[in-house]
Each structure stands twice: as C-alpha cells, then as structure tokens.
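Below: a set of structures, written as structure tokens.
Shared between the two complexes below is chain A, which has chain B as its partner in the first and chain C in the second.
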Partner chain A sequence: MAPSKIDPAIEIEAIDPGALKAELVAKYPTKVGRKRAKQIVVNRVDECADIPEIGANSRTIPGIITQRGCSYAGCKGVVLGPTRDIINLTHGPIGCGFYSWLTRRNQTKPKGEGDANFIPYCFSTDLHDEDIVFGGEKKLKAAIREAYETFKPKAISIFSTCPVGLIGDDVHSVAREMKAELGINIFGFSCEGYKGVSQSAGHHIANNGIFKHVIGLDDTAREGKFKINMLGEYNIGGDAFEIERIMDNAGITLISTFSGNSTYDSFTNAHTADLNTVMCHRSINYVAEMMEKKYGIPWIKVNFVGAASTAKSLRKIASYFEDEELIERVESIVAEEMVEVEKVRLDVKARCEGKLAMLFVGGSRAHHYQDLFREIGMKTIAAGYEFAHRDDYEGRAVLPDIKVDADSRNIEELDIEPDPERFSPRKSEEALERLKEKGFRFKDYDGMMAEMENGTLVIDDISQYETEKLIEIYKPAIFCAGIKEKYAVQKQGIPMKQLHNYDSGGPYAGFKGAVNFWQEIDRMVNTKIWSYLKAPWQKAPELSATYAWE
Partner chain B sequence: MERVDYVSTTNGCKLCKPLGACLAFRGIEGAVPMLHGSQGCATYMRRYIISHFREPMDIASSSLGEKHAVYGGGANLKQGLKNIMNKYGAGLIGVATTCLTETIGDDVPMIIREFRKEMEEAGNAPPAPPLVCVSTPSYSGTHMEGFHAAVRAVVDQLCAKGSLVEDGESKFVNLLPGFISPEDLRYLKEIVEDFDLGCVMLPDISDTLDGPALEDYGKIPAGGTPVSDIKRMGGAAASLEFGHTLAEKPTAGAILLERFNVSLHPLGIPIGLRETDAFFSALEEASGRPAPERHELERGRLVDSYVDAHKYLFGKRAVVYGEEDLVIALTAFLVEIGIKPVLCASGGKSGRMKSCIETVTSGLLETPPMVEEGADFYKIEKLCEDLSPDLLVGHSKGYRLSKKLDAPLIRVGFPIHDRFGGQRTLHVGYRGTQRLLDRIVNAILEKNQEDSNLGYAYM
Partner chain C sequence: MLLRHTTKEIKERKALTINPAKTCQPIGAMYAALGIHNCLPHSHGSQGCCSYHRSTLTRHYKEPVMAGTSSFTEGASVFGGQANLIQAIDTIFTVYDPDVIAVHTTCLSETIGDDIPQIARKADADGKIPGGKYVIHANTPSYVGTHVTGFATMTKAMVDYFAESKGPKIDQINIIPGYVEPSDMEEVKRILSQLGIKSVMFPDTSNVLNRPQTGRYDMFPKGGVTVEALRTTGSSRATIALGRLASGPAARALDSKCKVPCEILELPIGLLATDAFVDTLRRVCGVSVPESINNERGQLLDIITDMHQYFYGKKVGLVGDPDQLISLAEFLVSIDMWPIYVVTGTEGKKFESKIREITRDVPHEVKVVAGGDMFLFHQWIKNEPVDLMMGNTYLKYISRDEDIPFVRFGFPILDRVGHSYFPTVGYRGGMRLLEKILDALLDRNDRTSPEESFELVL
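So, the complex of A and B:
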C-alpha cells in the first residue's frame, strides 16, 4: 500500500455531511443521539433560507468526554484572571486554584516597579476537612487579611468553588465585612463549578460582578480624542499588545481592555469611554449591554483576528467617530502594514491553498480564526464552539427565540437602569441615523454560521469520539482546539494547533499576529514528520493500523 | 525573620486528591478514569496531566449540575458509566469522588452496587467491566494520597480471596512503585526481569502516558497493568512498595500481606545508593539470586562518579520540595554526594516526613535539615531568604524562586511544564541516580562558568 495523495477537493465532494451526521448520531443511545442531533448541524446558508437552528448551551451528557470547563474556570480563569493588580483568591480546596495558575498564558506588562503583578501567584484558602465541617468563612477572612497585609492590593476578589456553596459559606457577606475592615475593594463571586452548563455561566457571573463592584468607581476623564474599551480580549500570547500597538499608531485611546494587560484602575474608569468594541462576544457581551444601558456607551462587534478583519475593524471604529483625520490615519496604517502582510500571505498561500481546517474552540475563536485560514486559501470544513450559545452560531437575531432553561435561570440577570447623573448618549439620534444609513450596525453579531459555506459541519460541544470520527473521514490538514485534544489528534497523524494558549506562540491578532500565524500554519501543514511513521523494514505491515498517510 | 505561618496558601506545593487517583487508574490496562462531580474537575486535571506528559489523557465525568448538587448525583453517575461502557469498551472504570460529591454525601459504593444489579437484571451484554471506586475528597490530603488510595482500592476491590496462582507459574513479585515517571517504570521492569522474576507492577503508566506515534490510535491507549494480573497479586512471592511515609498505613501492600500473606518490603523510592541498594537487596531476597553483574557495574560506576563529583558538590546547599516521598528519596541521595539539604518541603502533611528525613540523613549529616510539611511556595521563599541555597531540586513550580535566588533548578517529578521530556526523566535506580548526579554537577558547573568573568572554559 503506497501512500497516495488524493486531491482533497475530490475527496470532500465524495463525503455526504448529512450521512456523516447520521453516522455520528447513530452510535449513541437513542436519547443521547436525539440530543446530539440538535447539536450537529449541516450548514445551509443562502439568500432566502434562514440559518439552521443549532442546539447549544445545554448540559453535557455524563460519561461523554467533553472539552468544557466549569463556571469557576470561566469566572476566575478567563474573565478576572488576566488583570494583574487584583488579588484573585480561590475559596476552596487547593486543586481549582492550582489548575488555573498561569495556565491560560495571559500576558501582562507592569509599568515599572510600583505596579503590582499578581498573575504569577496562586492564592487559595486551601480548605481542609475541618473547614468543610465547620464552615470556611473564618479561614476566608484570615486569608483576606493575610493577602492584604502582605501585598497591599487595590482590590481582592473571592471565587467560590463547588463545596463553598454547599456548606453555605456566604462569600458576599464576608467580602462586605472585610471591605469595611480593610478599606479596599473586596468582592465575591458565587461561581461554584456545578453552576450552569459550562464556563459560559462563569463569564456571565464575572460580568455581573465586575459591573456591580468595579466599573464606574472613578469618573476621572482621561485624555484622548477617541476613547474606546476593548471587551473580550484576553491577551493570550500577547494579542492585546499587538492591538495596543495598532491603536496607539492610530491615535485611539484604549481606556480599558476586559481583560488583558489590564488593571483595576482601568476597569473603574471604563465607563468614561465613548465606544465599546467587543471581540469575544460570548464571554463579555453582558458588560457591553449593561454599560450601554447605564452609561449610554454604544457597542459594536469587532474582530482583530485576521489581517483583513483587523483593517475592517479599524475602519469601523474610525467611521464611528466620523473624524476625517482618524479615517485617513487608519487608511495609511492599513496601507503601510499590509505591505509585509501581503508578502507573507501570498508566499504561504502558495503552499496552503485548498487545504482543510477544523476549528473547535472557545465561544468566538472557532469563528474568527476562519478569517486567518480563508486569507491563505484554506477552507474550514467543520467548526464548533465549546461553550457558546445559539446567538454565537446563528447571530443575535435569534436572541428573542432562545428558550431560557433551568441552568440559565440560575445565573442572575442584573436589572440595569440609566445612571441618573452619568448616563449620556455618546451619539445624537441624528448621528445614529446617519451612521445606520451608511450601513453601520450597532450591537450586532451575525454569528459563525452565516460566514461558513454550505455543507460544512457545525458541531456544538464536540466530544472526543466525534472528533476522532471527523478526522478519520475528512483527514484535515490541520485541527485547531486546545491542549486536551492536542496529543490525541496528533497521534492520528494530523497537525494540531492550540488556539486556547497558542502552543506557547503568539501573538496571532492584528497585522503582525496574522503574519506570525500564517508562518506557523505553513510549517505545520507542510511538515514531513508523518511520512517517517513507517520504519524502513515495515513493508506492507500486517499491523491493523491504517495511517493518515495511507 | 518575617512571619511565615499563614492560614492561606499562596502558590501551593501540592495538587488535589482526585488527580492522583486518575493517574493511578490510567496505569491499568483498558481503564477509563471517571470523576464523580462537576465536569470542570475532569477538564482541569486532564489539561494539567496532558501538559506534563504530552500525551492524551481522557477522564470522564458525571457532569453534575446545580440540581444534582441538591438531589444527589446517582442517576448521572449511572448514565455516565453506561456511556463509557458503550463508547469506550472500557476494561475497567475507576470512579473517584470529588469535593462536590463528598460534600453532598453521595454513597458511591452503593450507587455502583445498584448499577451492577440493574445491569444484570437488564441482561446487559457485554456485562459491566470491573468498577473500582475510591473516595478522594479534594479537601483531604494531596494528589499523592489520592494516588495511593486508588491503588489500594484497586487491590482491595479486585484481589478477592481464592484468586490463587496456578501450579507451575513462575515466581513473580508485586511492584507498587507509586507515582514516578514512565521512564522510571520501564527501567524498573528491566531490573526485575534481570533477576529472572515476573513482575506485576501496579499501576503502570509507562505506556499509557508515554506511547509511541506509530500506532493505531485507540480511544484507550495500550499498556497498563492487566486486570488479570491484578487479580493474581495475592500469589506473589513478595510485594515491594515504595514510599517511606506509607509505612504502617493500610496500603495496597498491607492488604496483600494481610489477605494473602504476601511478604511486604516497604522501601523508599530507590534514588541514591542506599535506597537503591535496599531495593536490590529486596529483589535478591525475593528471587534467591544475587544482583546481575551489569547492575553491579552500574553501581560501581555510580560510586566512582560520586568520588569524582565531590569536589564540585560538597557543602553546596540545596532546597528540595515536592511530594513527600520523592523529597525523602532525593534528600537521601543528596546527603550521599556531599550536598547539604537546608530545607525539605512539601505541600503534603503525612506527619511522617520529618522522622523519615531524619532516618535517611542520619550518619551523613550532623543535624537533620529543616523539614516543612504542609508548605507552600510563599513559605519556602520566605525561608530561603535566610537559607541562601545554591540549588533547588523539585518540579516546575519552583522556577520563580529559582530565578529570584539566581540558583539553578534541577527539574524532577511532577509537574514539569516548562521543560521538555518530563515523562522521560529517569530518577530511580543506579542509572537514574547517575543521571541526576550528572545533571546536578553540570548545573553547578554551568552556574560557576556563567558567573565567572575570568573566562573559565576548563572546569
């Protein structure tokens, strides 16, 4: 059996995604199969048809190995973790804190000696048997006092793990009491791991907490003509640094980034910005919505993953401010940056065009990284999120149709009223109309499926089993997910790119990030390593194995 | 010195109990570890184990939600078991509890008994594989307690009376190595083989967490201790169990002694001359034959290099941290080569570390080193301000301290996530000790060379 290369295009046409879906689902017990059938969708998008409905944000089936995390992971690990000068104290046994200690590779750049950086630390109450029996509040208070005494932070946040809610520790009252005692901002999160169906619940809880306890505490207006916040950018591998560089060049002031290379003070001040730009819709749209209601700051969806997308998002921001000088500056930045970008893009495209990619990651990355692949001519044949909701797939138009189930109902929805003093619409009615007429869309997101081709597979909360099946059938040139999938995928002879922590690489956002990413993808999809799998003495192996190269 | 005794834990030096149980279950052939609790636990532990081994690591979960936290997780556990059986064809499912299910008081052994009964009544084919459960509340002990508890549970629940050795079966020993690297395990098996002894090693992660690329990818990796081997452990000539802190505890080895009268050799992890000598002596005793010559030669070379290395190492001050038994073994080795351990620290709290350290250092140190049980890195860092160590020996989490002190870190144990090849680090036996010795000497030489402005190139 000589390894034969089949033209991927021909091969794909021979695959019927509908039949593949049926095959995937058939392997499950009936009830499980019915549930998965809703979460596995063959994409159909055309002019007249609606985007197909997908099942999302529903509970994972016990025993089916998922890649999802928990509420605590979303709250502490994702949203609050990347801010350097807040002490994040895990209230619980040691594991939760330990496993979220630096594992997301959020980067931060303290400004000099006096700027605190607690990101390399892992603070935990480390609950033991006796605390579970007699309650952990006393230990929590002691831990807060110790953290304050030792580090004198500006703020301390407390994160509840599973047993905390069950033994009835009231982290919120402890926070209030300690705040009064120590005179710094202290706030708690009820983000026990069993809440919600995935880390998404934790994002929501984090959004609520940060909105209630931090945003709006400092009204000092910062200098700058064009002031924006970047929401849902977590500075993995230095993405936020690249975005900051571009913003600086354009003369746009980033008041705060939620949450990457971020500080407590920047959060307290975030409501003084004139525009909220949302990168990861899933994890942070709540804050954008609440800031609009309370302070009158409009929000728009942006995407800085992909060179063309970066240019598009920059132009979108510039046109919001309706400032000719800014618009021109953005154009010249794009022109300047695109020189290097185009050089690399065309070079890499020559070796990558036509190859297949699969992306199963996050609540927005599986969508946005398709742009980077598209730019080098690679096709995303299947994609899905770990923890997204229907609006991230089908677009925000479906929001009124989403059924609220018991799991979502358990997450608090804050009732927000306009701030009596500080609510100020950033744009007049006429200005908004003018922008809308030009095609400008506020608080809108079309989701992933609208941008994917017909016949591609969209799979929510993909299981290990489905992953293996998809790889076997499509043999993609690259599979993108996280470290949990990485080695299982590579054992099957397919290069695997980590899009949670970037394989310790990055940045991949912005112009420089795109160049960086393409060079890595080029290296990965064109590697020769799997051609060495077979030892010279293995002629026609009587092994049962079929390899990726066969 | 500033205050060092804190209630809170800053930069912990231990992981949680169910993680250890999952690792141990992973060392059984065909086994799928499962956590009874919130799904986040499985995800966190998988990503942590995977980042060290760079291998797939599946852990299933019963995925409890808020409702189940209130009403109990039995139904989820049963559904999960069924799905693992159907989708994975597991040869064994190892169920470990978590803080969630321990706090709500789910009776897992009872749920599993019910499940078995329901499966039998439904006439399920194939029947359920062995289901082993272990109680591992995360708030009680470290990952090492979880690891040993799982090994004990496996022996306790699978080695029933009556599972005897067949006539004419060759002599074998039980090797209960604890949590050491796949490379260590492979080497230990070679050693036992050289004594013409059979060996049931439990658990055995040497293939399951360090597998080859040239393989038919299966959902469950090849390797691990076969369940049929576990069932015959009661017929072994002896059990060799590593870990000084385990002595006199109801360990797997103790169960085999009590239930089947298998003589038990409680040993330290064989690092350094004396601990390795003890291991070889136990093998000599069990096999009735002297150590093969090639091991004797390896030992000879090791002693020779101890002599050669002494001029570089004597009087150097080391901080050793990590799992208690690994720290004890490393300390036993370091004092042999003239290094002075100034602090032996662990997040574990067995209550035995101090006396064990005293035992392994007696005769080689005038006063035993400072021992800190239940320590975190904040405390270790504070203590180091006065100890001024020349080197650190431990896992990756000591990197910050090493950088701060400008002292080299010799990476050993778990987790190693900032270097390559943690799963292939050899620590044990004469050969592993030799490797450690070479690494330590070279780290010191490198430091001397880098710190010198005289242009040393000949050390």
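So, the complex of A and C:
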C-alpha cells in the first residue's frame, strides 16, 4: 500500500483500540485468546499515575509465531557476546554457536594489534550423537585445553545448550577442574535454551555468572574523580563508542561497560566504580542490584537513546556526584552538542511530524526509541516488548506484586550479603537525603507505559498475526522490530527499521547517534521508493485498441 | 587484523571446532519445507532454534521466513513436548491456515525422544487437524549430520508422506534440485522447459524466497510445490536428483516406495556437470537438445576460451557444502584452475575421495577435509596463500586479513544480494560464476598492478 495521503491523525482517531483488541483476540482458539487478552492492553494512565496491568514474561503460546528467542541467546548472544577477550565456548551441537557468530553487530575496538579480540571467532564443542549418548564432559575438557593451548586467553566461559542440561553434563564442575588445571578463570553458564520463557532468563543467568565469577576479582583503584559503570549497553553499531566519547569529554571515567566494547579486566574491576548507570533495565538490573548489596554502589536508570534523554542522563550523573565543576562541564557539553542536534532535529521534524511509529522489540528499546521519535514529532501508536517483565512496562513500583511462576522460579536468585571488607556506601545518609529532597531518584524506572499516550496499544510478545493486523489497520509510517519481522513488514509496503541490530546503521545512542537515527528515519519514511509499487499498466489497466502511432 | 589469533602453526584438534564450515540439521529442514506451497515449517524444540533459523535464512534471502515453534520450557523438556506440539498445531491451523505443517525435530526433542507421528495422530484424534490438512515430519537432531542432511531428510519426508503410485504413469519426471538457491531452482525449470520436459520439482523455493515486492504480503506466496503435485511424483516416469547428499535420499525413497527409477547426478554447476545433466535429461526423456541450449553452452565455452589465461594455474581455496564443492571443484579443474584447499564441515569419506579423484591431475598438493573448519582452512592459507577463495560470507574475514580475492558462493551469504535471483547452475549459471571469478581476479589486478603494466584491455 502506498503511504496514505489522508491526515493520519484523523484516520487514527476513528480507530477504537478496544475494538481492535477484541478483533485480535477473537482470531485465536478460546484459551489462547484469553491468554493473549492479558498481554494486549489499551494504555490508560490516570491522574494517580495508575497504569493498567499487562501480562508479561509468561510462556509463549506454541505455534503463534513469536519474535522470541531462548535463554542461550540472552546469555551468550546478548550479555556476554560483546566482550572481546573472553573465549566464549558453546557446549553443544554446532548450530547455537554458528547462529550467534557475529550476527548481532556488537562492535569492539582492541587497543592495538597485541590486544586480544575473539569476537570474530566461533568456538564450539560441536557435540555429536556419541557425545549425547556417553556424555560431553570429556570433550568439553579437551576443547578447553585446546582453546587454551592455541589462544592463551585470560578467561574462558562455557555456554550450555539444550541437550547439555538433559544429558546431565556438569559444566560448572568441569569449569572448576579446568580452572585449577590451567590457572586461568574458567566459568560456566547453565543457559540451556529451554530455561525460562525467553532470552530474559539468559540475561539473568549471565548476570549471576558474571557477578559470581568475575566482578570483584581486582581491587586496583583506577584514576578518576567520577567513576561509573554503564550497564546494559551492548555497542550495537558503535553506540558504546559514542557514549565513551561523551563521557571522556565530561571527564567521567567509565570503569566498565556491561558489555559493549568491554574487556575481562574491566569487569573484574567494576566494583570500584562509585555509581552504576543502567541503560537496558531488563537485561542487567540484576547486576546493578547485586553490586549495590555487596559493594554499596547505588544505581540509577539512564537512557542515552535520544538527544534530550542523553542530556537528562548526563545531568543526572553530574548531580549525583554533586560537583559544581562537573555540573557546569555537562551543561557546556550539552549546549555545544545540541547546536548540531537541534539543526538536524528541526530539519527532519519538518518532514516527519505527525507520522506514526510502532515499536515491538527487546526489553527496553521499544521504550527508549520512543524518545527519539517524539523528538521529531512522530507518535508511537503501538509498542511492546519481546521479552520484558511487568516492571519494564508498568515501572518498578509493581515489583512486589509480580507473581513468580514456575518458569522464573527455576532461574537462580543469588543470595547477596554485604562484602565484609569491601562494602562501602558511596554516599552518606545525609547526602542521600539531600539528593532525594532535590528530587533525585535511585533505582527508578517508571517503565514504558507511563510515557505512552492514552489509547495507544501495548502488546507483549506480539505474534506475526497481530503484527500484520496492526499494520493493516493503522498503516504506520514506520515499524520497528527485528530481522525476522523485517521483510514481511516491508512486503506490506511499510518501511521497517531493525532496532535489535540497527540493520546497517548506528550509532544511535548519544548526540551523534540521535542525528544518525533521525537522518535514517527521514530517509526511510520520506523516500520516494515506496511510490513505485504499481507499474504504469497496473495504475491504468485500460487497453487501447491500437498502437499509439497508428 | 580481524582474525588476529589464527596461528600459522597447526595443532591437531580433537574436540574444539573453531569457525565452523557447517551448521545444524533443522535449518536445512526449515529451508526445504519452505519449498512446499502453503506450508508452515515448525520447529519442535526450544524457541531459540526457530528464531535462529528464521534469522539466518532471512539474512541470507532478505525475504520473510515464517515458521512456528513448540516453545519448550523446562517442564516440556522433562515431561515431553506432546502438549506443546498439539497446542502449536491447533494455533497454527486456526490462525494461519496452511495446508501443511512440516515439523522438524531439534536436539532437545530428539534427546527426550518425542515421537512426532504419535503426537500428530493424537492431534488428529483430538480434532486439531482440519480435513484436507497435513502434518508431516522429519527427524533432524542437531547432533547428527549438518544443514545439508537436514534438507535431505525433510525432502525425503515429502516422498514418505505424499508420493503415491496409484493409476497409470504420468508423462513427467521428478526433479529434486538439491540445497540450492531459488534462482537455481528456477534455472533448472527453465532448462527443462527448453527441452520440452514436464516435471515436478520438489522442494521448490523459487517465488517463495525470491518473491517480488508488490506492496502486498501473503504469508504463503505463489511458489512452492503443491501437495497435489507431490502426490503425482509416485507416478512419474523417472526421478533426477541433483546433489547426492541433499537429494539422494528422497530419490531412493521414491524408487523403493513407488518404483520410480532415479538418476542421481552431481549438481549442474559448471560445464561438465551441466553437460551430464542435459545429456541425462535427453536420454531419460527421449528428447533432443534444442539449439538454444547449445547456444548457451557455446557462450559459456566462449568465455572459458577467451579468458583462459586468467584462470590457468590459479590456486583456489574452497569452503562449502559437499554437493556444491564437488561440482565447483570439477568446474575449476576443467578450466585449469587449481582448487588446492577444499573444506566442508559435513563429514564423509566419500567426499574426500571424490575431490581427490577430481583434482588428481592438478599439479600441486591438494588438501581436502570433510568435517573441517574455517580456522584450519585459514591456517593452510597462512602456510601457503591462494589466488582466490570461494565460499560463504564468513570467508570475508580471511579475505581481508590475507588480502585474497573472494567470490561469495554457498550458504549463508549475509552481506550481498544476487544469489537468490541469479543462478550458478546450468550454462548460464556457469557464465555468472566465471564473471564473478574474473571480476574478483581482475579487480585485484587493476588495484595492485604497477602503473607501467596497468592495462586498458584485458
């Protein structure tokens, strides 16, 4: 379909989201429909900031055609994949390692030729049937030895795939044994694909493992007045490079990023930071919580997607440190950066204002990218996450009310005590009070729905059917999701932007990222290429009886 | 350097695979199932498998790739996936309404021993399979074989489930095209039509995974072999299977089930393999080869004779799948190129001996391994470089590090388009391959030759 010429705002007002929800649900078998009804919500934020409840982090309905992946993808692919100098060894048949090999566009920049970088490599034990029958531990040990002999890495991590759990390979005891034998850090993850209900379980398992086995191994205090960690930033398309640039300019020391452009050493040292800033709440809040309990590092939610959001997050970090010089420097950086940003924003806004966007992706991006669209006047009419929990939708206030079901209960919750020697509150009680009085909020995340307009649709774990129906009804100017959805959307004549891996673009974080993103959206929603869908003879199919020159 | 840790020194590895030259069975089964009209592939396992396969196929084809998954949780892994699969069958037929659900298993469902036909019978008894609709299956544990054998197994399942030998023979032949691109399948059909031969091709992903942009999305596009056509395969005069590994099992199954005689040929990549294909068609179907095909052959040969000086004696490293590599190596040898490194991730002694036979007159040591990986391939190159590499997209890292011209060929190609539209099979496909090889070699020459010997005419 060609882009609609009718003012989208008028058309959209005629659509009753409640009726649309009923229509979506009616298509399913009764029980399936009942379940989907809980995961499809018409947003309504009332005066008391009450938000409707949404079903999330529950089992995917088999056969529905979901966007979701598995625990292994969340653990190996998302959280640990971006680190360059750990050998990530997949223990299982060849597929899982193959599919997660270089496909997420995590960039990394080694410091010189001597610096390790294993990201372009895929390591697997490539289990065969005899290993499934007789057990794969022996092969795993041999593979670790071979990896060590050839590469001499600082650390090796082992990722379990589905059959590993079923045949009872104990990757953790193998890791301990090989660690003792080889003298390097070796640790395992029980992130079998069937754990939990989505990638989210794998994030949690990755958080636990990295906290247990890596964070806190090196107490060396690094130089720097304002030391922070950036959590939940994976350097897709170079996002981390842009954030590093901004932090450098501001004089803020990034001790570690989890895990874009990161190294093993930066993880071991992360507990020496004075503040944890959380980008992707879903994938990494566990590490933030655990570091606070064990080491006394407070955490705050930040968002470096969107220029205004970047400025806001920088100010938040600066006000945490209560340092006038830093506060001033941040202000001058914002003022300086915003000149170019505003120029592009206003230019792009003139062509994009009033257009509709839909975002169905991830566990934080469907929220964060709404800021970027809002800044150029585009409205998010429907959004949802692929693997988020209720707190990512409704805000952390609902945490005590979330029922833990059997699938989540199977994921270990680490029992964390303050470290007897290294626990040190970064702020005094008075300082905390002072900050809170100024309106500063720790561990705050209000979720996606609080920032979405009333009457918009919020859909968790959207199905292919629902995707097609939404596009048919709303005809958005752009749809954002992942590679599996991309071409089905585009075949409907609607441009589709991948927000997992950005297609070929990026960075989209920070100030330069905002400019890149807007220029990309401008290209996508305003190009003439979508007007060629009909050939001349399809537009005017009448046949003339004679050749034109007769 | 991108692959900075790859050492020249080669240590024997028994347990560790580095940079695999293969992937797992289910993705091949999913690809094959997409070649049935109105069929939704279904992955019986954790949902990550399905997500990974759909993503990889999508990145390769730049096309929608739809499939269902049984979305195993820990509970299903303990108690079996029957409830999940029945739920999936019900949901898929209710919401998406395909004619066929083609279930393939995974390492998870195979390890716990789910019996798909039994579950399908239960779904049928529960009334979850509407009349005239089918659930077929292929056992594709990821710890056996590779993507190629997964393709072969699902292709064979089409025979097992649908081929019938009722009634008289039909004047048609069956063509099993192998694990090739939709463009290749289209080209094989074009050659058959030039020869005036009626055929049923299965699977057939043309017009499925290279479909046009029309502004309209249909989950089940025009392409694909229909169930009706698959039924008639048992009554065909003969079967021609292209690629021993990918197409052999289905061809033999048709022979034993419906007594349809088969000829199993190499993939028609290059001059001699295409000659064998066309000649077999001529013999089996009793047709004469039209002038148009002779013309195409002559054009391919013309490029070979015109540009022979650029092919002669060039050392080539190949990574890919067995069926493709056998024909490609033969093609290269036939034009006096030297394929000196040949690596496939798919194990098989026959492959090694076949490549040895093809390259026996190459005046250079030839290293060949079935069940090898790209790390070893790269190490060979570090010990003695080649003039050209051919293989999937992952070779681009070696190509850049070692500055070696590179032609993308095989699966997956994640960073270029064209493979799904322009074939490499048949004489025309051979012409395209030569164009690509010459472009790579001559572009390199133009970039690096000294100014005094920089040439206008090549």
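The rule we apply is simple: the second predicted complex is superposed on the first by the 533 of 550 C-alpha atoms of A that agree within 3 Å, B and C clash if a C-alpha of one lies under 4 Å from a C-alpha of the other, contacts with A are read in each partner's own complex, and residues count from 1 in each chain.
To be clear about the criterion, a residue touches a chain if its C-beta (ideal position, glycine included) is under 8 Å from a C-beta of that chain, and two chains touch if they have at least 3 such contacts.
Keep in mind it's a predicted model, so treat the numbers as computed, not measured.
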| item | value |
| --- | --- |
| When chain B and chain C are modelled together on chain A, clash or fit | clash |
| First, second, both or neither for A:Tyr465, with chain B first and chain C second | both |
| Chain B versus chain C as contact partner of A:Ala116, first or second or both or neither | second |
| Contacts of A:Lys491 with chain B and chain C, given as first, second, both or neither | both |
| First (chain B), second (chain C), both or neither touched by A:Ala535 | first |
| Touched partner set for A:Lys139, first chain B, second chain C, both or neither | both |
| Chain B and chain C contact sites that coincide on chain A, given as residue numbers | 27-29, 32, 59-73, 89, 92-101, 103, 120-129, 131-132, 139, 142-143, 146-147, 150, 161-163, 165-167, 192-197, 406-407, 410, 464-465, 468, 482-484, 486-488, 490-492, 533-534 |
| Chain B - residues contacting chain A, complex | 6-12, 14-19, 34, 37-48, 50-51, 54-69, 76-77, 79-84, 86-87, 98-100, 103-104, 137-140, 142, 211, 213-217, 219, 347, 376, 400 |
| Chain A residues within the chain B interface of the complex | 27-29, 32, 59-73, 89, 92-101, 103, 120-129, 131-132, 139, 142-143, 146-147, 150, 161-163, 165-167, 192-197, 199, 406-407, 410, 464-465, 468, 482-484, 486-488, 490-492, 533-535, 543-546 |
| In the complex with chain C, residue positions of chain A that touch it | 1-2, 27-29, 32, 59-73, 89, 92-103, 110, 113, 116-118, 120-129, 131-132, 139-143, 145-147, 149-151, 161-163, 165-167, 192-198, 406-407, 410, 463-465, 468, 482-484, 486-493, 530, 533-534 |
| Touching residues (chain side chain C, partner chain A) in the complex | 1-5, 7, 11, 13-20, 22-24, 26-27, 42, 45-49, 51-56, 58-59, 62-77, 84-85, 87-92, 94-96, 106-108, 111-112, 141-144, 146, 211, 213-217, 219, 345, 375, 394, 397, 414 |
